């Protein structure tokens, strides 16, 4: 396809990753590695000192994209700091694809008034990505208040019946709000790519 | 214990149930049968023509309780008519125990504004019982808005990952709202008994 | 929200549904009922003889929409006739919302050549909805060949480990194709609504 | 709501937690952190030397509450020392909320005589919180002997089919005792909050 | 082995079963069929009018054993009438093997005092079989009070998380009482055979 | 009960365990600790230098029992060295209770001839305990060849669908051999106690 | 591919099936329908009176293949009559493909001696298909005795933990015998096709 | 059987393994150890310096087989470098058995064109082993394009719903391609043995 390449970093060794990235560099291409562990990131940063590594999300970008990004198209909504590892995976994947997403980290279902105050500001975005762990109810409430495409991302944050993210995933899939679309647990990168597919249609 | 007797009807034959109920009648006691199937209910109503049977919930009460019930102590909150089989199981169990609960059937998470309008009216109740199937997010939102004891009842209504009620159950157990207490899927009777245990403390 | 109302038919009685639909009719509104069982549909068709009922999907539409529908915006892709109950739920929900989707029913993963022949024809659609039961691999292959937004719908068709649709659901969620978005098992209506949210952005 | 703030510590970094706690301290507010790992606790105790940290439960309290606590309102019942990590989470959360709960650690289902001897002493409490891992049967026996509100807390202690706490959770949810209310596995804090909601009603 | 033959009836047609039973009859052997559906039982009773069929359990015995059975060796303990389909499967299988078991149907965990009154009477039996559905806690309490071999039989009676019997099964497997032995859900016949293996050792 | 005390070691700290064991020592009682981790065992061995610790199983016995044990009553059958951690837990628990069990470690289902050669030697034991991980089929084959009470112990050894021991557990519970009795995954101690309950009946 | 067409009958209507079969008939092709329900089979047999329908398995073959089938290449091994619905699905699918398989229905794991007597006779077959429900241990024992390719087919026959066939499936997948290959629960047709793929290699 | 011995290394100590291997060496036999952890491998390599250890797969071979291996009989197909730990387990097990398999590591479902280019080259192999994690769809596509025996190996690589490999396993079992045969998650050794059973028939 025409999509830029993205590399799943969790199960590849540092040697293999460096080899792959060098071949990209030679072709003057950018590259994105996801879910990279900190120990391996250290070795990659030594090999590519101009690259970007985000500790929270494990995102590694060969050539950081920070200029000329399109603003105001995607909002990433979450309830708090526990889900930042996925919020940032989405944020940097979108940056890699050319978008400067807005992160809104302080709205939760149990305090619905804070969310209500943001509804007007949220209306301007073309795609909303909603991230939640534990019971995962946030996309349902957002979906009842706003009409844009909503991509829901369950996270593995939680314990007991919420451990691993299945409770959040099932909540999002069985949401009583209309037309919520869901990606795999902790799949921030997939949510960004889903948004990118939509945004390509919007612009064309 | 001092609690009145309650009989699980689903797995007992009509003959066995009639025998049990006759012994209660002889002792001039009331009795409540839960989850009674319609076919068996027909035979019981012939044997005890003054009894009450609610088709929606399968509740059968030997001596209907309709007078001198205490009002204003319990509200039963649900999103719509699909969960009425549990809402009514709670309602009639509470009637059997001496309470006239208020049923509020039209508030859902995807339309949070309707719920917000009811918040003040809901503040006067001593216990809130919240019933929900599918993704089961309603108790979380209610719990974020109100401070009373909240008993959450997941129902088996739903399909796909929500089939059987586990998605709703897990949502309620992992709720990010503080102090939600949960009973088994479709256990309306248990929720009513939980409320009754609380109300006994409140009054004493 | 501004969305048209849609009613979940599976757990409501014919009486309750007729009552709801009469109130819509009085307000001169259209209405859509999903997952309606055939027995109940017979009673509804007597009450509303101009309505549409599709036996395959259980969709009931108060005022059939067949004219002035927008063509060429959505394709619904599936492998065969076993999944038609969901393909049609999507088709009629989109018709209700103003779109004439194209149904492509004969492409499967095990015969990938048939799919390859359709790739060019599929490029013109703005949204692709891909329906699959059993192992659910079709959205992955489609997602590797085409760049539009892809909404994947797992169905409950299958047996053994595929019974109930979880195998297809998990395949779609863990797809190695980029940016596939997923809805609940058998949730054709949700897929149509997701597409509708996207199409509203595309046009605006 | 009017509830005091409580912070989930397990997934936040020490830096983030210290920042949050400093803002509480500046506002002269107390704060409670739950499920804090020992390594992070060391750093927090350095930053806030007057705070309390309980190693067993991972509870961290900014301003320890030890005086003027209300006694005799809540009993926390468990079978032995294995569940102390949750017993203490409940105990310190209740202390934070103003209550001095009584811990009863040596009653188990397999030795029912020990429990029977405590029944009279337990009758005076307004709320009973029962903690159990493995098969989780203790709340059922307590619920059959006593009439107060009972909040059951399954713990993750166990192995084989009991690993992770689901066996205990399901036992509590399907208890044949009347009106047991359940919280998530290892959610001692949620049990304390549920008790607090009840106690607020009892006193008002 | 030297064990008498036992036939699983649920998945065999009446024709096949009659054929098998005729060959036993010709060899002047007795035979036991388990989990026989009522419709098929009618045809078998016509073919073998002196046989025994128990409607509650679906047990069919070619030559009813009612005389010279050994008394006082096995007690079958359960909480109520809902589990009688398994209690009777055990009872008739033991009769087939030469034992007259005692059925004790009215002891439950939620009313532990009734059980305590029976402890002395239960001490005389050589094997205790304990049957329970829902949360399945009865074997644990019995096992804490008595020292004989205890075979625990979970039943499929229950709903919500207890549906199908897994909650009861897991409770019994993770029991905190010492040395409880468990058979499959609804496997009354297996429990009887387990007891028979023990009784053969006791007598030899 | 009259059973000797046994202490679950996995979740108790070394301090707590030493305290408990000292109180036993003062009362001149023996004590058994199960599933003790090696690090904690080191500290216990320092405190009680005459005690026994078995590294394979994590069994710790305050006063090793090695004399006057009853031989020839229990055989512990397993397929190989992978399950020795449970074989030894059973062996030492039985030693603690006064029995010298025989360990037979080299018979497996995939090599059924080796098992057949041992059938005659196995006939003399009063109770057979069969230990197996992976697919857990060994108790079925043993149960088809021998008539004594058989206690089946699934172990957590295995990977893929066998990881954690559920595959072995379910195989044992649904065995087509008659009257197999099962304990929890890795519950060697429970199997020994089940055998002890049987042996007490055999002797009396 | 070059494979003959096979039609999954369970979810297609009789009308759709007749239409498909007529098109095959016109092209003078044979066709096989699997898992056809009896009611629908009646209608198909009227439309195609020379076809074959096997009630046990639900197999429908347009032009029965009974002559010139290759004998002695495949054996289908099972424990008894309960699994005949899958044994026959395999048998007729192989007939459709040109093979006359041998059905061996009376060997089980719990009576291993009967199987041992057949080992020599089984050595001549090129592929062994082993069918089992409940605990599914038969392929392991067969695989330990014989060296040919073994295709294991779990069936849904069983109850309790064996209900639906997952226990048998997991046993087969985690078999300690070397190189057992497994197909989906109740997928007799898939096993036949797997054997066919092997036999094509053997002959070429 | 006549198969060469293979030893499961994961749960045996280095001491036990060395002892077993020495006895093989004395008998001048080769031996293969699977799933050996790196720490233990170091000790084994010291004891047997001429042995082979593959770090990726954990395969240890006493006498490396590298000459006179049969080429062109088996292809091992996978999507990328993440599954190499299983690809190599298959490769070295086949080498041990006398075959030099070809590894094809760069074909995936999401880029189906790369696979199509290899179809002709793949036609010459007698057995195809297809390895995949995440959604596990590769065997389905391969099975639709090629007619040889296909052994599908799910791997544990993936996250969210794909964690542990069950999503890939279920996809392979419910594949809509004809006659795919499946082994346990991560069971590369079993796949090699299955291929070996087939190849023995092909040659004879």
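The letters A, B, C, D, E, F, G and H name the chains in turn, as written, and every chain counts its residues from 1.
Criterion: a residue touches a chain if its C-beta (ideal position, glycine included) is under 8 Å from a C-beta of that chain, and two chains touch if they have at least 3 such contacts.
Values in this document were obtained by computation on a predicted structure and should not be read as measured data.
Fewest steps needed to get from chain A to chain D, stepping only to touching chains, is 1.
Looking at which positions face the partner, chain B and chain E present mostly different ones, since fewer than half of the interface numbers are shared. Averaging Cα coordinates per chain places chain D and chain G 56 Å apart. Per-chain CA centroids place chain C at a distance of 49 Å from chain E. Note on chain placement: the centre of chain D and the centre of chain F lie 35 Å apart, centres being C-alpha means. Multi-chain contact residues of chain G (touching two or more other chains): 1, 144-145, 160-162, 166, 169, 173-174, 178, 184-185, 187. Taken pair by pair, the chains that touch are A-B, A-C, A-D, A-H, B-C, B-D, B-E, C-G, C-H, D-E, D-F, E-F, E-G, F-G, F-H, G-H. Residues of chain E touching chain B in their complex: 81-82, 111, 157, 159-163. The touching residues of chain D, when paired with chain A in their complex, are 1, 8, 10-12, 16, 35, 154, 156, 164-166, 169, 184-187. Within the complex, the chain D residues that touch chain E are 79, 108-112, 116, 134-137, 140-141, 143-145, 158, 160-162, 166-178. Note for the complex: chain F touches chain E at residues 1-3, 6, 126-127, 144-151, 169, 173-174, 178-185, 187, 190-198, 200-202.
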